[in-house]
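See below for the structure under consideration.
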Amino acid sequence: MIVDTLTSPIILFFVLGIFAALIRSDLAIPEAFAKAMSIYLMAAIGIKGGIEVAESGFTAELAAAALAGLLLSFTLPLLAFGLLTRFGKLSRVDAGAVAAHYGSVSVVTFVTAKEMLTGQGLSPAGYMVAVLAIMETPAIITGLWLARKGQPSSENGGILHEVFANASVVLLVGAFVIGMIAGKDGFEPVKPLFDTGFRGVLCLFLLDMGLIAARRLIQSKKLNARLISLAILLPLINGTIGVMVGTFVGMDIASAAALGILAASASYIAVPAAMRMALPEADPGIYLSMSLGITFPFNIIIGITLFSQLANLVG
Amino acid sequence: MIVDTLTSPIILFFVLGIFAALIRSDLAIPEAFAKAMSIYLMAAIGIKGGIEVAESGFTAELAAAALAGLLLSFTLPLLAFGLLTRFGKLSRVDAGAVAAHYGSVSVVTFVTAKEMLTGQGLSPAGYMVAVLAIMETPAIITGLWLARKGQPSSENGGILHEVFANASVVLLVGAFVIGMIAGKDGFEPVKPLFDTGFRGVLCLFLLDMGLIAARRLIQSKKLNARLISLAILLPLINGTIGVMVGTFVGMDIASAAALGILAASASYIAVPAAMRMALPEADPGIYLSMSLGITFPFNIIIGITLFSQLANLVG
Amino acid sequence: MIVDTLTSPIILFFVLGIFAALIRSDLAIPEAFAKAMSIYLMAAIGIKGGIEVAESGFTAELAAAALAGLLLSFTLPLLAFGLLTRFGKLSRVDAGAVAAHYGSVSVVTFVTAKEMLTGQGLSPAGYMVAVLAIMETPAIITGLWLARKGQPSSENGGILHEVFANASVVLLVGAFVIGMIAGKDGFEPVKPLFDTGFRGVLCLFLLDMGLIAARRLIQSKKLNARLISLAILLPLINGTIGVMVGTFVGMDIASAAALGILAASASYIAVPAAMRMALPEADPGIYLSMSLGITFPFNIIIGITLFSQLANLVG
Amino acid sequence: METVTRKRIEILVDTPLVPRLLKHARDVDISGWSLIHIDAGGGRDGEWQHDDVTGAAAKTIILMIASKEKADALTESIAPFLDSFRLLLTISDVQVVRGERF
Amino acid sequence: METVTRKRIEILVDTPLVPRLLKHARDVDISGWSLIHIDAGGGRDGEWQHDDVTGAAAKTIILMIASKEKADALTESIAPFLDSFRLLLTISDVQVVRGERF
Amino acid sequence: METVTRKRIEILVDTPLVPRLLKHARDVDISGWSLIHIDAGGGRDGEWQHDDVTGAAAKTIILMIASKEKADALTESIAPFLDSFRLLLTISDVQVVRGERF
């Protein structure tokens, strides 16, 4: 399976991006195009998830998964915070900000995992898209609370709004609902774009993510050995917890693997923006370098395979 | 049919855009991507129209439709101007500028209508793309003439050039001619992109248009109850006239419906730019808020269904 | 065949772009979208070439073609330099800079030629993508050496890096390698995007290139009759040499034609950037106007047909 | 290096009006200009964001370095429509080298 | 044309913080503002390029023309977080026409 | 807040040459810089629009805040190729807070 991973064009494009950044090539994907691809990918997985749920209906498994995701996102930052302050030697504010990233999720990691798993006949359930959306934001609340020692801030109203009206949440949930309303038949006319192009777009998008992640790593002045270890340790711990919880609440193997990958993944879009606003005194150099520069490539290249094998093992 | 409309992914994405803007989400489609989608859509409908006309040949119906479109675009601003000055209480200059918008057309409204109609087995004729291009500019001339009390301006040469070398006219007419030259066979190799992706791109584009229209409405400080009523009344009147004229000159039901929708639609791309140049003293806040903020969503959600039913009734 | 060329949508869109620029239309393709299309096109031809080479294996023909390309790129600037200084009356620095452009290649010209040839049942071999990548950079070294009378410059290290880590080289070679690793089967899942959309994207991209080339020509203040003649003469000479060399080393007709077109084409992306950095005192107005404003459209509209007929004749 | 004082003129204007203003700049013989894109803004008329689709709300800064005489001539020349075009015009002193160009 | 002297305020700031600063600008009654996009930069913290995907590293210049009084009031108001927000604030003199607007 | 006077340096340059100029800026110990994209322009050499495809005609403004000494050092250092690189260099006074940074 590791070999499968490393001959998949999707992963190879990611590696090409990393390579180009390391040799300091001027290769660059126009920002607007990269953003457009991420919107396309989110709309596509949202719709597909919605259609699947429209077919399968609301099941107990769905409810269990949603609840599990919610709990994980709220609680994973607590563990992370402990490690980040003790072992990572970060200040309370910085540790809270980083913890929020690790409780939340990375949409691209999820999409890549879904493709890789599906390619091996292990399709996660459609409702996992809803779980993805659910897990994006609770961690922000826990992270802020940890950073501020539980002191409420005058800005909290703004943050809550920012968090729920967040672009990726609105787009994922919106496309999910559209998929549910339109159903399989209504989706037929628009299917070619969202279906046919999906994997190819993911290739080009991961090319860009490889460039961005590696450039972030190169240009960072904020990482030390402790933080680097934690950026690998945290996904290992969180991913294991995620797979266990998923298996425990009765999810199928593929969905438990996906939940593990969600738990292992760290946000680098929604949460950094929220932290910059809500905790401007936290250092963005730390949280971006850890989540984007290390955890993200680790999960794409190793984590996805690891947690899907773990799910197979315990499932 | 209203139900069909409201379960179509195309319309649902438009509604999602409006919703996201209303809850003040930071969801945004990169400008360059939105522009790219509009270029793609125009090239695609231009080519398709050209291929159809290449097959059907120049017919009397085509000539009648072209003439009807030309006349409508020239004359609809006169009626609008009367209502805008009397009932809307706008100054001559502002009323002339707004009137030009309502005489001209909205490409996106047309494309959406064509898709919705075709989805119901009511395909407008291929030549309607030519009518669309024809109707874009005459209204600008009438609008300027009304605004300036018929006084010719020294800038008119520039305006005429601006109007005929206008990006959307050149692209629509150019792609139409390419479709006519290449024909069905020549189109075969490039068909996958222009055909397969069409409806999916329209979804994402309407998502953006929903955002833009609703943001325009929220941020506008220029609308009052009279202008809002007119922004709904004018498409109702113009659309009814369009359907009647289309039916009268012998167009088939689907094409008459399309002519009605063209008449009902108001420009928010070509005309605003021309007015900003030719009538800088007119207030862009008024014409953009009316055409983009109110008339456009009204036509997408209600007008298309309405005028196609009217065409069915009288046709 | 000339007729085939002039009814191909791909070429017609290029002509539309030129036409729009000449009538000074405001039609414009967003830069980010154009860049995205060029990245897509390079990734697509890279992958396809790699897959074909994976199937055919490394052959003597491949080695011969690579060597021929390398030699051509190194030596063609010598001839060009002579003509540019004597007949063109350019300074040593300007002539060296222009000569580098004509020794290097234009990716878009190659892609267009590949499509046109394939449309006529004359598919160039997959390894020609590798030859394309090989030919991009040696000419830069010759050009700099000519401009500087053989004096090495302190900046040369930087230039060499710039040249090999150049975006288009990295992307072409990277995608080629991915194609070789993934092979036909691995490519299957991502095929729809890279295969289906290819020709349509090329249409829209050539629309933009037509606009850019013609605008460059209109706005140029640097061209005179001598330089214009050379911008047509050089592709004629280089293209003929290319076809001859290709036929001589035993390449099939289609591949020899493609080598001719590569030799005839002039760079307007990688080389101008390198020259601006390495020879800032050379006038960009001259080299961009010649390669982009004249040679590029000449090759697209006439050169491709010409050299494929020549290859047919001598092959 | 020797520097001289010139004027830095910044005009914030609706993008569709740029060609008109450049015509005035050429008429007073200003030697060059550069355009800078504005992403968003707010003023007496409310807020706006740039969108490429309608384009009508796009705004641009025209940046010009010029001598005091030319700057004054330009100001006179565009004074009549400063209000109707809603222009924002600012002028400041800058030091330049090779000042004879401007 | 008669011109008066006003302040040109330029604040270079992380894009996510723009709304907060505009709130302060509105509180001291500054009449308008424009946003200019920064493509890349470098400072004590290393280099960065803008990327739209994460967006977290995006930076923006807030450009405001205002009277000296308002400029001073704004400076006082944002002084407490100049450091923690890593703002770059510069103020210079410019000549404007119709100065009563600002 | 206490402010001090520093130099605002603006260099308009062809984008491919930016790294070279930044090298000079680092050599004279300038602490930071920001890049602003230019959309289009015109000068003695005719007009141009930015296009990302060829990129060769792209132009950028390098914006740097620095002390007078560093600004002078930079000017001296880039003087030799002001002409051949066709640079447009302007320097003006600005007020900054926390001026010890620059």
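Chains here go by letter, A, B, C, D, E and F, matching the order in which they are written, and residues are numbered from 1 within each.
Keep this in mind: contacts are C-beta pairs under 8 Å (C-beta built on N, C-alpha and C of every residue); 3 or more make two chains touch, one makes a residue touch a chain.
No experiment lies behind these values; they were computed from the predicted model shown.
Asks: According to the touch definition, list the chains common to the neighbour sets of chain C and chain D.
Replies: Intersection of chain C and chain D contact lists gives B, F.
Asks: Greatest Cα-centroid separation from chain A: which chain?
Replies: D
Asks: State the chain with the largest centre-to-centre distance from chain C, centres being mean CA positions.
Replies: Farthest by centroid: E.
Asks: Copies chain D and chain E touch; is their interface built from the same residue numbers (over half shared) or different ones?
Replies: Because under half of the interface numbers appear in both copies, chain E and chain D meet with different residues.
Asks: Can you give the whole-Å distance between the Cα centres of chain C and chain E?
Replies: Their C-alpha centroids are separated by 45 Å.
Asks: Centre to centre, by mean C-alpha position, how many angstrom separate chain A and chain C?
Replies: About 40 Å, centre to centre.
Asks: Return the distance between the CA-based centres of chain D and chain F, expressed in whole Å.
Replies: 19
Asks: With chain centres taken as the means of their Cα atoms, state the distance from chain C to chain F in Å.
Replies: 34
Asks: If you look at chain D, which of its residues touch at least two other chains?
Replies: As it turns out, chain D has residues touching two or more other chains at 36-37, 52, 92.
Asks: What are the residue numbers in chain C that touch two or more other chains?
Replies: 30-33, 35-36, 196-197
Asks: Which pairs of chains touch one another in this structure?
Replies: Once each pair is checked, the touching ones are A-B, A-C, A-E, B-C, B-D, C-F, D-E, D-F, E-F.
Asks: Which positions of chain E touch chain F when the two form their complex?
Replies: Within the complex, chain E contacts chain F at residues 10, 12, 36-44, 59, 61, 75-76, 79, 82-83, 88-92.
Asks: Which of the residues in chain C end up touching chain A in this complex?
Replies: These residues of chain C touch chain A: 30-33, 35-36, 39-40, 43, 47, 161-162, 165-167, 170-171, 174-175, 178, 181-182, 186-187, 189-194, 196-197.
Asks: Which stretch or stretches of chain A touch chain C in the complex?
Replies: Listed in rising order, the residues are 7-10, 12-13, 16, 19-20, 23-33, 36, 115, 119, 196-204, 207.
Asks: For a test of understanding, state which residues of chain D touch chain B in their complex under the given definition.
Replies: On the chain D side, the touching residues are 14, 16-17, 19-20, 45-57, 81, 84-85.
Asks: Flag every residue of chain B that touches chain D in the complex, lowest number first.
Replies: 31-32, 34-35, 38, 208-209, 212, 215, 219-221, 268-269, 272-273, 276-277, 280-281, 284-285, 288, 292
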